[in-house]
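What follows is chain A paired twice: with chain B in the first complex and chain C in the second.
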Partner chain A sequence: MKRILLLLLLSVSVTPAWALTPEEKGLEIAKNADLRDSGWGDQKQTLEMVLRNKQGQESRRQIRGRSLEVTGDGDKSMSIFDSPADVKGTAFLSFTHVNKPDDQWLYLPALKRVKRIASKNKSGPFMGSEFAFEDMSSQEVDKYTYKWLRDETLDGKEVYVIERIPVDKNSGYTRQIVWLDKEIDQPLKVEFYDRKDSLLKTLVPSDYKEYLGKYWRPGQMMMNNHQNGKSTLLIFSEYSFNNGFTDRDFDQNSLKRAR
Partner chain B sequence: MGKLLQLTAAVLLIVSSPAQSVDWRGNVTVQERLFFKPPIDPRQHGDNFSVAAQAEMYHEWDDGKQNISFIPFARLDQGDDQRTHADIRELSWSYIARDYEWTIGFSKVFWGVTEAQHLVDIINQTDQVEDFDQEEKLGQQMAKLSLIRDWGTVDLFVLPGFRERTFPGVEGRPRVIPRVEKNLTSYESSQEDKHVDLAARWSHAIGDMDIGLSWFHGTSRLPILTPAQYNGEIVLAPFYQIIDQAGLDMQLTRGSWLWKLEAINLDGNYVKYKRATGGFEYTFYGIANTAADLGLVMEYLYDSRGELATTPFEDDFLTGLRLTLNDAQSTDALLGVIKDRDNSSYLFSLEANRRIGDSWKLSIQANKFLADGLDQSLKSFAEDDYLQIELGYYF
Partner chain C sequence: MHEFERRFGELVIQYRWLVIIGCLLLVGLMASGAKNLSMTTNYRVFFSEDNPQRMAFEALENTYAKNDNVMFVIATEDGVVFTQKMMEAVYELTEKAWQIPYSSRVDSLTNYQHTEAEADDLVVEDLVEDPAALTDERLAKIKDIAVNEPLLLHRLISEQAHVTAVNVTVQLPGINESKETPEVVAYARKIAAEIQEKYPSLKIYITGMVMMNNGFSEASINDMTSLVPISFMIMMIMLFLMIRGFAGTALTMVVIILSIISAMGAGGYIGYPITPPSSIAPTVILTVAIANSVHVLVTFYHNMREGMEKVPAMVESMRVNLQPVFLTSLTTSIGFLSMNFSDVPPFNHLGNFVAIGVMMSFLLAVTFLPAVISLLPVKVRVHHEGGDRMMIWLGDFVVKNRRKILPGMVILVVFVVSFLPRNELNDVFLEYFDETIPFRQATDFTVENLTGMYLIDFSIESTETGGISDPGFQQEVENFANWFRQQPETIHVNVFTDIMKRLNRNMHGDDDEMYRLPDDRNLAAQYLLMYEMSLPYGLDLNNQINVDKSATRMVVTLKTISTNNMLELEKRSDQWIAENTQHIKAASASGPTMMFAHIGKRNIISMLGGTTIALVLISLIMIVALRSFKLGLTSMVPNLVPAAMGFGIWGMLVGEVGLALSVVTSMTLGIVVDDTVHYMSKYQRARVEKGYDSEQAVRYAFTSVGRALVVTSVVLIAGFLVLAFSAFKLNSGMGLLTALVIALALLADFLLLPTLLMKIEDKSNEKNSTVTTA
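Up next is the complex of A and B:
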């Protein structure tokens, strides 16, 4: 029996790419990228958000984030706001799920109140930025269906170009086009198409660095909204892994203590 | 008070030592209230200016397992000497272990889910001079042990001593008429404000349901007010009975719906009643092709005492609209109307907030009272419609 299984596995892995449909190939690429990025366990980082409006006026937010990898479901994450000063100490806890709505809680320090909030609003802006909640939450394979479009070169890098369609009908997008770096299996560009299927936003992650000899993380992510002329730049720093986080660091008690 | 000063000094020593990393924050807020009609009681003030400040010092050590939090608050009020007050909102030490947490000192705890009123929330006394919406609380001395288990969190409280509710003074506005005289405060317990209260709460999130069950034994946070003579004036005397209060709070979060319920059973030798608030909040996301959300809040407020209730909300409906622009300035507005089902008593309130630059926040609040029938507590406010403009600096 074991030998048959092995044979089966072998036969799957040696199936040449040209025999796959574009949908199968797209899914395979997404699964590979996901597999390559699994096993990181936990991570924390600091994040600066630079919001720019049409006139070029800037406002900045400082956010510390930490997340815990959950096998077989979406990840757990907590964001703690350090600025602007009037929301300092506000914290956001999210349990991402693949097949059901995410669980989300918001902590309001002035009232010491934890509020469970509705997660249906995936397309709503995160902290007044051009990033939607669904752009900020953990990317899971089962959240989309895929279609490989073509291979090409982007800024001198070999990429797969894949179309992915959100499964969740509450998503703000009809589809996304992803330029995935073949070498590091990370996106170099993502185009987001709104519900009317017109181009809404373009995301360009850059300055990738490798951590733990395996996991690639961006130093910056630039989101341009083509429809309202606004943009948001995320600047990541102080990535740290193996922090020893457990579920206990992602519960309502730790949310109340988050500083 | 001497002990408090010693503790404060100790905290100041710790937080001021340069080797330690201390997290500082705070705010200063100026506030102007504009009234539209002369007061019922001619001694009450007219338009009123007020300034408040709050600082927060936080220090953690032992790899985040221990921390000290210190939050002093003070307000200077132009018209009401009772509203000019200071309080230690927090001065506490916490120890955090893997499956339990200790907090000892003055601290603040919030329980509950509904918007119209907070019935279950009983640990901290209301700082009622701050705002008649009763959202502001006084620091409460406590020893709190939280046990964190797979089946939920159990919080156990020993509360050594009681804080009297603050009430607006003679000049205060809005306030009940006749006014509350704190010098006539009395207690059921012979230990008065030294009675040691006990409380416990179990809370848990089960799927899309958040649920809490609580129990409290001790001095009622809400006094019974009875008319009395004081220097030839008719006033209200606060009497604090000993109560047992059982509470339930739950919220079901499903799609765009939040279903909420809070219920209490209060049992005392002098007054006993059941109260509940229940309803929903439904949010329309991204209205009119913008990033803005519009939420509809509806809650029913029940009190088993009916029209004899000492609070104005015994058979009332709250209808509210919450607008959130989701913009860079975090602009939001909340319009609420509480209406009695049997008569035409209304309470309108509108509150709007917007950040200005990085460090300032502008808040505008408007309240209108329309009293009818037996709602004596609302009738006091009949001439007290006001507009409040607040500008806060945050650092």
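Up next is the complex of A and C:
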């Protein structure tokens, strides 16, 4: 593991830094991080969302998630809602795409039907939280253009600070600034800037753990909305890999079966 | 007698340089606080932090989202909204509006999230995606959708489809509001101008809470830049007529200006903001503080005309004036300080600004003023001033006709005061601004053509987490909304059950039969989940559904109605909720409109305490100053009657009182008491020192202070009448009523007080004589 890391670090530093524009360097870093996080195949995890408003009221939601790595396009993922009780059994399937709107379906158990969400929007809040769907879906390299800003230390860790600009014009953001841990190639902080380029939210993932000896996954993600004073905490647990998922586990029929 | 006063006068002259430098240092120190002064640009400043309506509204805002807004109202020349050109303009304005600083949401016809069923798909998209490609057929369809959508009709589109609006929700961070609001306003005006230039056939009006907040600072600036110079000019002319000396006039102006900057600076140190009410402080200080210097100077010049040398003339003036000037400053300050009881912080600030200014002007009038005068060359022609024929006649008239005047006055007072209950509490805050303020013009247009500006926010709570999906709850919310729609005051109701009905229809292949609430809780929750997932950035439901989905916000738009009507409507709605609901746990009304509806009454109640304490204190001061319990108590009559009559006349002519007028009583109390002090102290001196009977004492009081009272009253009336020209109704109403009360106080002091004194003293004389004979 240490050796791989060393190699990766080398591969970054071997490329002569002075020859790269900040844009090229940013892209390079993003590609490296993506490369390092590829090959995991499939995974599942459970997720608890804790929503808080400025008044201090709190609300929790439980979701099970599974995803399948797709090479050459965005990943496939399915979310099954366990609580609140009135949406229990509702399942959400999405195929992330790099250069066209994502495909999204929702199975409504009360209606016993699968409905396609025909909307270009993915910037709205996910289940009333401070996470937009675009914050939670898989982060493909081609979804952004990049610019390396600087290197610095964040909470004692060496990081790249990279600016990334969403390609999709329906994104809710003009840009994001990512503090990427050089050691594990995972974000330690992300700032989201709204359409008028004011700071909207800050995401802080934490409690990273390593799985399968190379894939780092966060235990928590805290999103603070600076404009409305609300926040959402995501608590991940029960990560599991090599579940043997196939495309058939991520189609409309599987949606109805998922529970 | 008056040994202290004489000694004080001598010391001031003796150490005049020290006095002058000390005064200037003190003024400089106080005035340096002015750097902390800033304009407030938020209507919330009218509500104290612990005001229950404000707290309720802030809790609601913290639960959902703030809804300060900027609303662009767009009218066309031909009165047709649904044209390709117009849609293009709305689309562009919508895009630009996202760039307004602190904006968090933009709602317009073009970005309205229209939902439609397409086979098994739920299509959620902007009502107008590409305005350039709009055909007439498509325009007709869009129009049909818009005017039939309860979310849009009477909110963003008028019934005749001749006016539309783009509403921008703004979340001000509130870190530096005096900067944030103008920033938003400047940007909004900029983009409106850009659109208007590109589409000259449009007319864009800008209204909304942010514009109103900005109106407050515009009104303050207006008052400070237009009213202050006018009142200075008027005061200067009056001063010159009274004092008849350039040096004295100029010096008095210096004293006043120093008092004003000290007071404003001191307020700055304390952290008072400039609000429309407190922006009139300079004018009020100018008006009420002028008397201090005038009294000192008039006696001084009089003494010199009588042949005295400069320094002794001043020392003598100080001997005579120190005590009354101190007393009147004290009572005036007490009157203004009693405004601290007001529930409305800007009035606390105004009261304290003025009280500081008045005490400062007293200090300067008895130290700085004589010290400087003693350095200046003062020449007057020596001549003996004859008696005042006018006042002699008036004194004579009052004494001779007292048996007719007293009952006549009593009848007049009772008659006028009987109109007092005709005053109705009314705070229509939109009308605080007169028609010269752009916000008011835009708002009037909006109310006439599109929608209302009076909103009630309801947070309707269910009994449990996720309860908003419960069919029973939804039905009751729907009934409540429909009940409101039947009320004559209602223009629009924004309620989430309309969305539920629409989704239910969409989920059933757009079958109009299914335009009703889902009858299954899970189904409702799942529709909502699906819909929320389909909405874009900024157009979500988080501003009308709370985090645990146990409560929803309903916004009712009303016509501009009176406070009474508003409070009565609140009562009716409470009653409806109490009688017709089981699933709704609570639904309380809040919002700015509600806050202003309650503030008038709250302020009157809080001011009652203040006025009572001021009255008691002032009466005590009168008792001590006049050294007579009886006269002190009698003084309450001319102190209270003017305000009571003033409100009586107001009831006859206007009949509407609001926030500002509820502080007039205690404010004028401190001012009108000055006349009483002067009149009664002269009367008392004549009785005690000169041994006059009450008739002679009345004549003496008229000739010695009659003219001075007329002159000071005229100054005060003029000063407050200037305020009547304020573009801000709180100030103009306050100015007008205060001027009226001061005029009535003169009437009371000239006709009611002397006849009353003679009546009371006659009686006690009779008693005394009966006792002695017996």
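Definition applied: the second predicted complex is superposed on the first by the 243 of 259 C-alpha atoms of A that agree within 3 Å, B and C clash if a C-alpha of one lies under 4 Å from a C-alpha of the other, contacts with A are read in each partner's own complex, and residues count from 1 in each chain.
Convention: contacts are C-beta pairs under 8 Å (C-beta built on N, C-alpha and C of every residue); 3 or more make two chains touch, one makes a residue touch a chain.
Computed from a predicted structure; not experimentally measured.
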So if we stack both complexes on chain A, do chain B and chain C clash, or do they fit?
clash
Which of the two partners, first being chain B and second being chain C, lies in contact with A:92: first, second, both, or neither?
second
When the two structures are overlaid on chain A, which partner does A:106 contact: first (chain B), second (chain C), both, or neither?
second
Comparison of chain B and chain C by chain A residues contacted:
C
With both complexes overlaid on chain A, does A:248 touch chain B (first), chain C (second), both or neither?
first
So, A:209: does it touch chain B (first), chain C (second), both, or neither?
neither
Go through the superposed model and pick first if A:182 touches only chain B, second if only chain C, both, or neither.
neither
Should A:116 be classified as contacting the first partner (chain B), the second (chain C), both, or neither?
both
So, A:31: does it touch chain B (first), chain C (second), both, or neither?
neither
Let me test your reading of the model: by the given contact rule, A:257 touches which partner, first (chain B), second (chain C), both or neither?
first
Select, from 40-48, 112-120, 166-174 or 238-246, the region of chain B that bumps into chain C once both structures are placed on the shared chain.
112-120
In chain A, both chain B and chain C touch residues 51, 53, 59, 84-88, 111, 113-114, 116-121, 123-125, 128, 172
List of chain A residues in touch with chain B within their complex
51, 53, 59-60, 83-89, 101, 103, 111-114, 116-121, 123-125, 128-129, 172, 246, 248, 251-253, 257, 259
Contact residues on chain B for chain A in the complex?
23, 25, 27, 58, 60, 67, 94, 96, 98-99, 101, 108-110, 112-113, 135, 146, 148, 153, 203, 205, 208, 210, 251, 253, 255-258, 283, 285-286, 291, 293, 326-330, 355, 358-359, 361, 392, 394-395
Can you check the complex and tell me which residues of chain A touch chain C?
51-55, 57-59, 81, 84-88, 90, 92, 104, 106, 108-111, 113-121, 123-128, 132-133, 170-172, 194-196, 198, 227-230
Touching residues of chain C toward chain A in the complex: what are they?
59, 61-66, 98-104, 118, 120-125, 171, 173, 465-466, 469, 507, 520-527, 529-530, 532-542, 545-549
